[in-house]
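Input: structures, listed below.
In the two complexes below, chain A is the common chain; its partner is chain B in one and chain C in the other.
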Partner chain A sequence: MAEFSKSGDVLVVQLTEPRLDAARAPALKAALTQNVQDKPDRIVVDAQGLDFMDSTGLGVIVSLLKMMGANGKLGIVCGEGSVRKLLKITKLDQIVRPFGTLDDAVSALGR
Partner chain B sequence: MASRLDETDRVAAAVRDACGEAGLDGEARADLELAAVEAANNIVVHGYSGSDEQSYTARIASGPDGVCILFTDTGTPIPPEALAQTKMPDWDSEAGRGMAIIRACVDETDYRSTNGANTLLLVKRRSL
Partner chain C sequence: MPPVTPRLGSPLGSSRKPLEVLVADDDVLLREFISLQVEELGCRVSTAEDGQQACDALDAGAFDVLITDWQMPGMDGTQLIERLRARPPSDSYLYIILVTSRAAERTIREGLQAGADDFMYKPLDQLQLELALASARRIVDLQQRLSRRNMHLSRAHSRVRDAYRRIRSDLQAAAVTQRELLPHPSLTGAPLRHTSIFIPSMEISGDTLGVDQLDEGRWMFFHVDVSGHGVPAALSSVSAHHQLSMLRPMQNIDLPRGIASLNDQLYRRPGDVYATMICGVADMRSGRIEFVRAGHPLPLVVPARGEPHFLEAGGPPVGLLPQANFPVTEVSLAPGDRLLLYSDGVTECTSPEGEEFGEDRLALAAGDLRAEALEAFVNGLRARLLAHRGSTTFEDDVSVLVIERA
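Moving on, here comes the complex of A and B:
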C-alpha cells in the first residue's frame, strides 16, 4: 500500500498500488497512522504510480495533512493526469501542492 | 453488483471499456470512471449503510455521442440537499465530496426515486 522513507528532512510516502479508492483507503490510512506519529512538517506523497483515486482516497490525503504539525506542508507527485485533476476539481490543489517529479517536490518542500 | 466497495473495480472496468468503444478521450474516460465509482460508493455507503448483502445494477450504454450509465438501487434515497450539492466542503473535511465530484465530471445527471427504487443516470458526451 505504501512505503516510507526520508529524503533530507522530508518524509516520502510512496504509494505502491495503482488504485486508491474506498475499498483500499482504510488500509492506507492505517499505515499512515502507524508511520506518521511524530507530526512531521514536511511530507511528499509519491503518487506517480497511481492511476485512479476517488474522494475516499482523497480523504486519506486530507487526513495525512491533519496528522502533520500546524505548519505542515504536504506535496503530492502526480504528473498531469486524473489525480491532479481531482485535486483541482476539489480545490485541494491550493492546500496539497502538486508536483511533476519527486525531486521537484523534495527540493521545494525541504529546508 | 453486490453492495461491496471492492465491487466498484468491476464498474470501473466496464466503464473504461464502454468509453473506449465510444471513442472518448483519455480525460473524458477518467472523468466518467471517477463519477461512476463515486456513484457506486454512494449506493454502498449511504444507500445501503455499508451492508454487503444488498445489490444494485449499473447498465452502461455506449454510442457515437458518448456513454450513459444508469445505476439502480433500492436503498435509502439521496437526500435532496446532498443531491443538489455542487460546492466542495471545507478543505479539512475527509468526506462529503462525492456528489460535487460527480456533477463536475459528467455532462448530465438525472436522479429519480420512485416506489422504493432509485435511479441515477450519468451522461458523458464525446467531444467534437
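Moving on, here comes the complex of A and C:
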C-alpha cells in the first residue's frame, strides 16, 4: 500500500498501488496512522505510480494534514495526470503542493 | 491380566450410539446367526423374513444398516436394494450389505449396480461381519457429521438470507425517503426550469440536490456529493441537504458564510467524511446566478447559442480544511441558457475498456443536445452516459442537476 522513508527532514510516503479508491483507502489510512505518529512538519506523498484516485482517496491524502504539526507542509509528486487535475478542481493544490519529481518536492519542502 | 482388544464396532471401542441393524433373510438359522453376531458387536438388531417385511420395517423405523440375503422368496436382495435406493433421499443414509456366495460374480455386479455398499460371502464368519460393520460405522458416522454440518450451514444460510432481505428492504425504504428529498422537475415553467438525473451506485446515494423557490424571481439550488458512497455517505448527504435547506429562510442568503459554517461542522466530525458541493442563488428576472463551488466538479454553462464552457473558480471541499474560504462566482444566463451541475460519478464513469467519460465528452454531449427541450436534453445526456458505461450499474453515485432560464 505505502512505503515510508526519510529524505533529510522530509518524510516520504510512496504509494505502491495504481489505484486509491474507496476499497483501498482504509488500508492506506491505517498505514498512515501507524507510521505518521510524531507530527512531522514535512511530508511528501510520492504518487507517481497512481493512475486513479477518487474522493475517498483524496480524503485520506488530505487527512495527513491533521496528522502533521501546526505549520506542516504537505507535497505530492504526481506528474500532470488525473491526480493533479483532481487537486486543481478541488483547489487543494493550494494546500497539497503538486510537484513533477520527488527531488523537486523534497528540495522545495526540506529546510 | 492381558489387555482387552475391543471388537471393531463394539461399544467397548466407542461410546457412540449403537448401530441400528436390520437383518433380512428367509433362512431362520442364518438370520439368527447373523443377529447374534451383530448383537455381540454392540449393535441393536431387528429381523425380517423377506424383502417385503424388510421394506415395511424400514418404513416404520430408522435403521443405519441393512444386511440382506440375495436369495429370498418374492423380492430378492437385489430387487429389495433397487426399491430402497429408488426412495426419495432422506437425511440419514442406509448402508446396505448384500449376503451372497463368493462364486456369484454376476449377482455381485448386479448388487453393486443396484446400490449395495458392501458384500459378505457365505459361509459367513465373525471376521467378515466385524469388517463390514466397521466400514458401515465409518460411513454412517461420516454421513451423520455431514448431515449435522449441512443443518448448521442451512440454518446459517437462512439467517444470512433473512438479514440480507431485511437490510435490502431497509435500504429500499431509505432510498424512497431520499428520493422524496429531491425536487420535482419543472420542465415547462417560467422563468426557471430544472430537472435532474439521480442514479445511486447502491440503493442510496451520497449525492443530493435541491431547488427551492425563495421569492417571485429567485431560487436557491444546490448539488452535493459526499465522499465515498453507501449508507455513511447517504446519511451525511441527507444531513447536508437539510442544512443547506435551512439557508433558504434567510432574507439575503450569505453563501460564503453558510458554506463556511457547514465546513466547520463537517470538519469537526470524526472520520474523513467531506463533501463537494455547489450552492447558489439564481435570480431569473435578470438571469444572474451567484454560487459557491466547494471542490465540486466544474459547472458547465450550456448557452442556447455558443459552445458549452466550464467555470473554474471555487474553493476547497467542505469538511477537509479548518477555516476555509469559499469565494462567490457569478454567471449570467440568457433565456434558453442552461447551467449543468454534476457529480464526479459522471466524469469518472468508466467504459468497459476503463476509459473515463470525462469533461470533454460531457461538454460535447451538452453541445450536441443543446437545441433539445430540457427533458430531451437530460434524457440524451443519460443515454450517452449509459452507452459509455455499457451497463446500468455504476461504481460511484451519479447525479446531474440542470437549471435553465426559460
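One rule holds for everything that comes next: the second predicted complex is superposed on the first by the 111 of 111 C-alpha atoms of A that agree within 3 Å, B and C clash if a C-alpha of one lies under 4 Å from a C-alpha of the other, contacts with A are read in each partner's own complex, and residues count from 1 in each chain.
The criterion applied here is as follows: a contact is a pair of C-beta atoms (placed from the backbone, for glycine too) under 8 Å apart; a residue touches a chain by one contact, two chains touch by 3 or more.
Just so it is clear, the structure is predicted and the values come from calculations on it, not from any experiment.
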Q. Here chain A is shared; do chain B and chain C fit on it together or clash?
A. clash
Q: Kindly classify A:Gly59 by the partners it touches after superposition: chain B alone (first), chain C alone (second), both, or neither?
A: both
(Q) Per the contact definition in the header, classify A:Gly81: touching chain B only (first), chain C only (second), both, or neither. (A) first
Q. First (chain B), second (chain C), both or neither: which does A:Gln14 touch?
A. neither
Q) Any idea whether chain B or chain C touches more of chain A? A) B
Q) In the superposed arrangement, does A:Lys91 touch chain B (first), chain C (second), both or neither? A) both
Q) Should A:Gln48 be classified as contacting the first partner (chain B), the second (chain C), both, or neither? A) neither
(Q) Quick check for you: in the superposed arrangement, does A:Asn35 touch first (chain B), second (chain C), both or neither? (A) neither
Q. Which listed stretch of chain C (43-51, 61-69, 187-195 or 385-393) steric-clashes with chain B in the superposition?
A. 385-393
(Q) Counting contacts the way the document defines them, which residues of chain A are shared by the two interfaces, the one with chain B and the one with chain C? (A) 22, 54-56, 58-60, 62-63, 65, 82, 89-92, 94-95
Q | Interface residues, chain B side, partner chain A - complex | A | 4-6, 8-9, 12, 27, 30-31, 33-34, 37-38, 41, 44-45, 88, 91-95, 97-98, 100-101, 104-105
Q: State the interface residues of chain C toward chain A in the complex, per the touch definition above.
A: 225, 227-229, 272-274, 276, 295, 297-298, 314-317, 320-321, 344, 348, 356, 396
Q.
Using the touch definition from the top, list the residues of chain A that touch chain B in their complex.
A. 19, 21-23, 52, 54-56, 58-60, 62-63, 65-66, 81-82, 85-86, 89-92, 94-95
Q) Which positions of chain A touch chain C when the two form their complex? A) 22, 29, 54-56, 58-60, 62-63, 65, 82, 89-92, 94-95
